[in-house]
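Note that the chains are named A, B, C and D in the order they appear, and that numbering of residues resets to 1 at the start of each chain.
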Amino acid sequence: MNLLRRNDLIMLAFGIVVFAVLQGLMEEGIIGSFWKLNLMLIGINIIMSVSLNLINGYTGQFSLGHAGFMAVGAYVGVVLTTNFHVPFLGALLAGGAAAGFLGFLIGLPTLRLRGDYLAIATLGLGEIIRIVIMNIEYVGGAAGFRNIPHYTNFAWVFFIMLFTLFFIKNFVNSSHGRACIAIRENEIAAEAMGVNTTKYKIMAFTIGAAFAGIAGGLFAHNYYIISPASFTFMQSFIFLIMVVLGGLGSITGGIAGAFFVTFISAALANWPEYRMIIFALLLILLMFYRPQGLFGYVEITNMGIFRKILKRGGTA
Amino acid sequence: MAAELMRVEDVSEVFGGLKAVSDFNFYINKGELVGLIGPNGAGKTTVFNLFTGVYQPTTGTITFNGKSIVGLKPYQITQRGIARTFQNIRLFSELSVLDNVKIAYHCHVKYGLLETVLRMGRYFQEEKEIEEESMKLLSVFKLDDKADEMAKNLPYGAQRRLEIARALAAKPKLLLLDEPAAGMNPQETKELMDMIRWIRKEFGLTVLLIEHDMNLVMGICERIYVLEYGMVIASGHPEEIKKNPEVIRAYLGGGA
Amino acid sequence: MNFSKKSMRLAGALLGTMLLGGVFAGCGGGGNEAKSDEIKIGANFEMTGNVANYGNATLEGLKLAIKETNDAGGINGKKIKLIEVDNKSEASESVNAATKLISDDKVKLIVGPAVTANVIAESQVATDSKVPVLAPDATSPAVTVENGQVKDFIFRSCFIDPQQGDVMAKFAVDNLKAKTAVIYIDNSSDYSKSLGQVFKEKFEAAGGTVVMQEAFLQKDQDFKAALTKIKTANADVIFIPAYYEEVGKIVKQARELGITQPLLGTDGWDDFKVADIAGADALNNTFFSTHYSDKDESVKAFIDAYNKEYKHAPNVFAALGYDAGKLLVDAIKRAGGDDPVKIKDALEATKDLQVGTGIITMDKNHNPIKQAVILENKGGDRVMVAKIMPEAE
Amino acid sequence: MELSQQLLQQLINGISLGSIYALIALGYTMIYGIIKLINFAHGDIYMVGAYVGFFAITQAQVSILPALLISMVVTGLLGMLVEKLAYKPLRHAPRISILITAIGVSFFLEYASMYFVSPTPRTFPEVIDNVAFHVGDLVINGQQLLILGITVVLMAILTYIVQKTKLGKAMRAASFDTETAQLMGVNADQVISFTFVIGSSLAAVAGVLVGVYYNSIDPLMGIMPGLKAFVAAVLGGIGILPGAVVGGLVLGVIEALVSGFISSTFRDAAAFAILILVLLFKPSGLFGKNTNEKV
C-alpha cells in the first residue's frame, strides 16, 4: 500500500536533486542569467500548462482563457506586495485564490457550453478580464503596473512547480480525478455512473484557474513591471500549444510542452526575424507526426526504466 | 417478500407534440427480474431515460424506494441506487478496463479533496478497497486478465460485459440493462443470460431488462411489459404474454 | 498502451536532446568572449508584435549611425558590433532580451526599446548589472526619473513628454486662440496618456477648458464611433497625442464625419504615412510638435544618407534611432574604452553634441536638452510654424 | 447634434463596421460548417488578400476590379493549399491537433508576411472615389454602402450555391456526415477544397475592401477582425450564412454603441460579453437550432 507514498518520496527526492544541480550550476555561473531567467520561465510555464491540462486534457473542457486567470493572480499579487506590503507567499496564495474564485464564478454558467462554443466563450472571458484590468487606473491601466519588488527566484518557482505537479498528479489519480476523466471520455455515461458532472467541471476549472493565478504571481514578481499586453488571448494560445504539444491528459506532456515551447523561443532569440516562422513550422510539423502530442496520455513514470525504479502498487 | 422497489404512475413524455411515452404505469418488486419489450421505436429506451433522469416526465410520478425521483439529475438517481447500461455502448473508451470500473465507485468514495492531494487519511485505504473490489468484479465478468487494456480495444461482447460490470460497481439496488445481448451470437447470448441470473442472485439485485428479441426475455424474466407506440399493450407473466393477441399482432404485424 | 515503444523512445530522445541542448546553450554564454577589436552594443527592440514598426524603424536609424562610424574606421580602431534581440513588444520579453544581451552577449550598453513600458521593464536588470541603457524614443519622464530619483544607468536621447505637451497647449491657446479642447488618447500607450495629462494641465492653466476626453486602443481600425461623439462636443481644437498608424486613420475618418476643427498632435505624427493614409486634403489644418523639420539644413545630411541606405525617407523613429547611435558613439569615444561605467559617465557629460536632428546636451535628469518644432500640414507640405528652444535648467 | 441624430450616426457607423465582420464571417462559417474547424488562419488569409490586392494595384498597375479578381484567385489558391498541406493530413487526428495546426498556420502567415513585406503598414491607394452623402447632420460614405452591398450580394449568391446547386448539396452532405457522404458518391476532398477556395476568396474581397476603406494594411491586421468574425459567426449560429451576416452586423452595431455612449476601451469587452450572454441563453447562436445528443 505504501508503495504509492514511497513513489512520491522517490519523485520528491529526484526533484530536489534536479533543483540542487540546477541551482549549483547557476551559482557557479555555468548557467548564465539569461538561461536562468528562462529556466524560471519554464517553471512558471509548467505550472500554467499542467494546470490548463487539468481543464483541457483531463476534464476535456476546451478553455482558451488561461492567460486571463494568470493576469488576475499577477495583479492581485503585485497590488498586495507593492501597495500593502503583504509577504510574498501570502500574495501568491491570495492571487491564486482570487483567480480560483473568478474561475468558479465564470465556470458556473459557461461550463454548460460544449466544445468550440466553450472555447470561444472562455477566450472572450479572458479578454474581458484583460480589458477590465486595462481600464483600472489604480493598477496602471494599459501602461502596466510598475515598481514591483523582485521576490521571485529559482527556488520559489521550482518548489511551487513541484507542489503543483504533486497536487495535480494526486488529484487525477483519485476518485475526483477519475470523475473528471470520465467527463472527458463520455459525459452521459459519467453522469450515469453517479458523477456530478457540473461539480467536477467547475472543480477542475477552479483548481486550474487557481494555479494559473499563482503562476501569475510568480511571473509578475520576476519582471518589475507587468502590463495587460502580457496576458492576451495569444498568450492563452501559447499555453494551449504547450499542452497539446506535450500531450493532452499527461502531466509529463505538460512539462515537456512547456519546456519545448519556452526553450525554442529562447534558443531562437538570436534570429528574431525568423523566430516565429520557425516556431510556426515546428508546430505544424509536430502536429503532423505526433498529433496526440509528444506523450499522448502516457506518463514518463509508465515508461521502461522508470517502471523498474518505481515498482507500482497492485496491477496498475 | 414482494416489497415494492419502484412504482411509476401515469408517466407521459412529450417531445414537441410527439408523445413518445403515454400513461405509462409500472412497478417492480425487490429481487424481481422484469423485461420490457416492444418493436423498434416503441419507446423502451425513452422509458429508461425517464427512470434515470436523462429526460424529465411531462406528467406522472416515479417513486423509487418510497421517494419520488422526478426532477433529480442522472447522477443523483445513480446515487439513490439505479444504474444502467446503454443500448449504444458508452464506455470510457480511452481508459483501461480497470479504470472504467473504478470510476463507477465514485459515489461511494468518502475521502475529500485535501486527503486526495496530500495523500493522507482515508485515501490509501479506500483506493486499495476500490482496486480490490474492481478486480473482483472484473473476474466475475471474465475481464480480469484484460484489466490494463484500453476499453476500446476489447472485442464487442467483452465491451458489453464491461458495461454491466461498470454499472454494478455503482452498487445499485436496481440495474437497468438496455439490450445487453444486442449484436451477440446465440452462444454469447446464452452465456450472458446465465450471467445475469447469477449476478442477480449473487448481488441481491433487482433487474429491468430491455430486449428486442422476445424469446430471450421469455426464458429469463418473471414478468414482462410490452410497449407499442409508447403505450403498454400488455403486461404479465411470460406465458400470458405469449398468448396475448395484441402482442402477437404488434410483433407479427397485420391486423389480427 | 497503444503507443508503440518506438514512438515513446522518440519522444524521450527529443526531450533528452532538448535538455542537453539547453545545458550546452547555457554554457555557450561563457564562450562568447569579446574580440578585443570590437565593442559590443546591444539593441533590444520591438521587432515583432504590436509595435514592431516603431522598433524596426528605430533600429534602422541606429544601424545607419553605427555603419557610418564603422565605415569611418570605428572608434579608436575598434568596430562596433550591434547585437539585436527582439522583445516581441512585451514588457516581460524586454527583460528577457536585456538579460540575454547582458549575460550571454556581454554587451557594454543597450539601446532601446522604443516604447516606454519596455524600457522601464529592463531598467532594473541593467542597473543591477551596471550596464547603461540609452532609450532613443521613450518620452515618458518615468523612464529616467522615478519617485524623484534619477536612475543611474538609464538615459534617453529624445525630449520628454511635458515639454511637448506644454508646447502644444501654449500653441493652441496663443496661436489658435482655442478656448475649448477635446483630448483623444491612445489608452494602450504611456506616451499618449502622459501627453494627454500634461496637455490638460497646461491648457487649463492657460485659461482653456478640456470639454471631453476620449480614448482608443492600439491597432484599432474604426474610430468613427468615438469621433461621432467628439463631433458633438464642438470644441475649438482636438488634441490627439498618438502614433502615426492610428493618427492617419483618425484624421481621415474625422474629416469624413465632417469634423473641420484644427487637429493637434505630437512627434508620433511625424511620418509620411499619415499623409498617405489620411490624404493631403484631410490633413490640412493639423499641427504637430516634433524634433526637427526636414527643411532644416542641418538635418539634410542625415536624410540623404538614410535615403541612400534604405531607399525610403526616414520617419521620426528612424531619426531618433540615428541620434541615439551618434550619442553613444560620442560617449564611447570620450570614455576611452568599453567599460560600461565609464560609458555611463561619458553619457552624463554629453554637451553640445551635434546629432542627426539637432544639438544635444544631457541634463542632470539624463534627459537631453533639445529643440522642438511645430509643423503645420498645408496642401500636402509641412511648414514650420514655430521653433522652441527649451530653457536650460 | 441631437441624441437621436447621434444614435442614428452610430448605427450607420456600426453597420459599416459590421458589414466587414460579416464579410469575413461568411468564409469563416462556411469552413467551420464543413470541417468543424475554427480556422484561426482565416484572419491571416484576409490579410494576405489585402496585400495581394495592394501589390496588384501598386505594382501591376491594374484597377480595382481586376485587383479584386487577382486577389480572390491567389488567396483562394492559398486557402486550398493551406487545406491540402496542413489540414488534410490531419483529418482523422483529434480535432484539437488540427486547431493547433491552424494556429501554427496563422503564425506562419503573419510572420512570413512580416518578413517579406516588413511590419510597416502600407497605404492603400485611393482607387474608389469616396463620395459622402449628407442627410441632415448624418454622414454616409459611399464606400460604406459599397461594402454593405457587396456583403449582402455575396451572401445571397452563396446561399443560392449552398441551397440550390449540386455542389451545394454535396457541401451540405459532407458537412452533415463526411463519411456517409463519401459512400453516397460525394467527393469529400474536392468539396472541402472548394469550400476553402470560396471561403478564402471571400476573405480576399474583405481584405481588399478594408484596404480601400481604411487606407492602411499591415501583417497583423487579420488577428482581431479574424477573431471578431468568428465571434460574429458564433453569434449568428455557426455554419449558417445569413446568421454570419446578421451576427457581423449586430457585433458592429454593439461596438459602435458602446464606443459612442460608454467608452471605446470597453468596446471589445462588450462584444465578448454579448457573445457569452447569447451563448448562455441560446447556445447554438441566434439562428441555430438546438440539438441534443441522443442517449
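The rule we apply is simple: a contact is a pair of C-beta atoms (placed from the backbone, for glycine too) under 8 Å apart; a residue touches a chain by one contact, two chains touch by 3 or more.
Values in this document were obtained by computation on a predicted structure and should not be read as measured data.
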| item | value |
| --- | --- |
| A-C or C-D, whichever has more C-beta pairs in contact | A-C |
| Core chain by centroid distance, with centroids computed from Cα atoms only | A |
| Centroid comparison with subunit C (C-alpha atoms), farthest chain | B |
| Geometric centre distance via CA averages, subunit C-subunit B, whole Å | 71 |
| Gap in Å, rounded to a whole number, between the CA centres of subunit D and subunit B | 49 |
| Subunit C and subunit D: spacing of chain centres that average the CA atoms, whole Å | 35 |
| For subunit C, residues that touch 2 or more chains besides their own | 1, 47-48, 50, 187, 217 |
| Residues within subunit D bordering two or more other chains | 111, 114, 263, 265, 295 |
| Per-residue overlap in subunit B, given as positions that touch at least 2 other chains | 54, 86 |
| Partner subunit D, residues of subunit C touching it in the complex | 47-48, 50, 52-53, 56-57, 187, 214-217, 219-226, 228-229, 231-232, 245, 248-249, 252, 256-258, 273, 276-279 |
| In the complex with subunit C, residue positions of subunit D that touch it | 1, 6, 9-10, 13-14, 16-17, 111, 114, 118-121, 123, 126, 130, 132, 134, 139, 141, 210, 214-216, 218, 220-221, 224-225, 255-261, 263-265, 267 |
| For the subunit A and subunit B complex, residues of the former touching the latter | 1-2, 4-5, 8, 166-167, 170-171, 174-179, 181-182, 185-186, 188-197, 203, 297, 314-316 |
| Of all residues in subunit D, those that touch subunit A in their complex | 32, 36, 38, 86, 89-90, 93-94, 96-98, 100-101, 103-108, 110-112, 114-115, 223, 227, 230-231, 234, 238, 263, 265-266, 268-269, 272-273, 275-276, 279-280, 283, 293, 295 |
| Complex contacts: residues of subunit B adjacent to subunit A | 52, 54, 73-76, 78-79, 83-84, 86, 90-95, 98-99, 102-107, 109, 111, 113, 116-119, 123-124, 126-128, 130-131, 135, 147-148, 166-167, 169-170 |
